[in-house]
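Some structures are shown below for you to check.
Both complexes below contain chain A, partnered by chain B and then by chain C.
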Partner chain A sequence: MDEREFEEKMRAALRPVEAPDGLAEQIIRRAEALAERTRKPVTQQAWLRWGALAALLAMGSFGILRWEEKKRAEQIEARKVAEQFTMAMNITTRKMARIQKNLVVEVPLKRGH
Partner chain B sequence: MNSKYLIPVVFFSLVAFAEQELDLSFLKGLEAKAKESTDINLGPEQIQLLMGFSGEGSKELLGLGKSIERVQVKTFEFDKDGMYSVAEMEGLRAKLKSGDFVPLISVKEKGGFTEIVMRKGPKGNRGFVIVSAEARELTVVNIVGDLDLASLGKLTGKFGIPNIQMNSGGTSKGKGSSKGGKEDQDEDEK
Partner chain C sequence: MGSLPSFSELVHSHQGMVFSITLRALGNREVAEDLTQEVFLSLHQNLASIESEDHARNWLRRTAANRSVDEIRRLKYRRGPSLDQVAEPSVDAEESDPMLMAQLRESVASLPPLARMLTIMRFQQEMEPREIAAELDMPVATVKSRLHRTMKLLRGKLEKRAEVRKHR
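Now for the complex of A and B:
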């Protein structure tokens, strides 16, 4: 194939061709139909957003409630432990004082005899 | 750490930890015979919890709690004599005269005894044990931690603990500032 022949073939291939009637409208219609099919209704989108937010809030509240409940239970337990600890110290100091008193009382008596 | 050393270290740590708690299972069932009884057993976890929730006003308690690892108290008060086995208590007493315990006060009374022993650790005192077996009253106190008897004196007059003077030449004297103090005073008057 020589140069001239090639140019003619190229020209023929690249010549402007008229689009068939209604092709543009057909393409636009198809694109719209596709968009329509994939688009979710506005109400459904809102529901999803609010639902997600509500779930998040519910989970957060549940977490806080659980944490507060745990904290309260620990506080009650700590108060109980504090009472027991104080009682234990009370018994111990009282016992120590009694032992000390008995020793102090007994020593002079033995010396007197 | 080499695993051949790890196992004995863990084993001896567990043994040491277990030794801190006195085995008072032989006192089981005495609650039913007693007029009044108290059973307190606070381990490291509970004391940690107490420290976590201590108010600002209880610095002494917080300070003491930091040095205490275990508090074990058992008391029984009976209506009549001979409600418990003195022999079993003597067994506990004998146990406390061996191992890491150093006797501090040992009093033999009619129908009973009183024993105070200090628990020795590698760095000093590791608490103390009080065993008081009287005719109608039985008390066992086991406190584990880096503290001495003088530290307890700082608590008197606070948190409902009677104001008792625990010095070398002092006598026990309730001031009646708290319910406990009044009871102690009454006891002294008797």
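Now for the complex of A and C:
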């Protein structure tokens, strides 16, 4: 048997065969059943996804509100501190001005002696 | 390239090809039927990525080949009767030389998984070595050399059997 003849025999031995009766219908039925099974969880998953998104948004909004509140409190506190500082500075400036005035008045008197 | 037929049409058009690959690779109708179903169910799940009928055919052929190789390896390492032991008698009354055909199929069934698949793709699916290489993601030179070695091995086995028969 030469090479060509051997290859022809191989083709004959391995030739394609017909699929068994009913195989296609069985495959289609299984695919439909599988699609049906996976469809439900997808709906549930969609609900879960929307629920998670809503919870995330609620948590996000709450977080933002808390942050703004905290920021506002800090600003009020800072303003109070600034006002106290300004008041303290004003008092100090006034006192300093009084002392300086006294000094200016006293010095020419001493030179005059 | 063409439009994509429905899943049902794809099953009807290509079930023979997938079943032929799995049957010749595994040598057992029941296992081949199960694997054919698995291959099509996998196609159904991946249908969104399939662009045309040609794409579907190539996808099915590649998946059938890879899944058959995996199944041969899996069954080989599993305890219990091997595939060769449970293989159905493959003598077909319509064949011109049923004994020779059965011997050839038996010899193919005794090949290592990949060599078996290369032989099926070359002689059943009538694929060129470069097509097989592209489909199985292998270098063309490797496909050619493995096919050459396999043919030599199969011819040697056949000649040996013929000699044994002659001396009886």
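As a convention for this text, the second predicted complex is superposed on the first by the 82 of 113 C-alpha atoms of A that agree within 3 Å, B and C clash if a C-alpha of one lies under 4 Å from a C-alpha of the other, contacts with A are read in each partner's own complex, and residues count from 1 in each chain.
As a working rule, a contact is a pair of C-beta atoms (placed from the backbone, for glycine too) under 8 Å apart; a residue touches a chain by one contact, two chains touch by 3 or more.
Predicted model only: the values in this text are computed from it and were never measured.
When both complexes are overlaid on chain A, the residue A:Gln84 reaches chain B alone and has no touch with chain C. When the two structures are aligned on the shared chain, A:Arg29 is found in touch with neither chain B nor chain C.
Of the two partner chains placed by the overlay, only chain C lies in contact with A:Pro16; chain B stays clear of it.
Residue contacts after overlaying the shared chain place A:Met96 against chain B, while chain C stays out of touching range.
When both complexes are overlaid on chain A, the residue A:Arg72 reaches neither chain B nor chain C.
Of the two partner chains, neither chain B nor chain C is touched by A:Arg49. Once the two complexes are overlaid on chain A, none of the chain A residues touched by chain B in the first is touched by chain C in the second. Residue ranges of chain C in contact with chain A, taken from their complex: 7-8, 11-12, 15-20, 23-24, 29, 33, 36-37, 40-41, 44-45, 95-97, 100-101, 104-105, 108, 119-120, 123-124, 126, 151, 154-155, 158.
Chain A makes touch with chain B in their complex at residues 74-75, 77-79, 81-82, 84-104.
For chain A in complex with chain C, the residues that touch the partner chain are 1, 3, 6-7, 9-20, 23-24, 26-28, 30-31, 34-35. Interface residues of chain B facing chain A in the complex, by the touch rule stated above, are 38, 40, 42, 46-47, 49-50, 52-54, 61, 64-65, 71, 73, 75, 105, 107, 114, 116, 130, 132, 139, 141, 143, 149, 152-153, 155-156, 159-162, 164-166, 169-172, 180, 184, 188.
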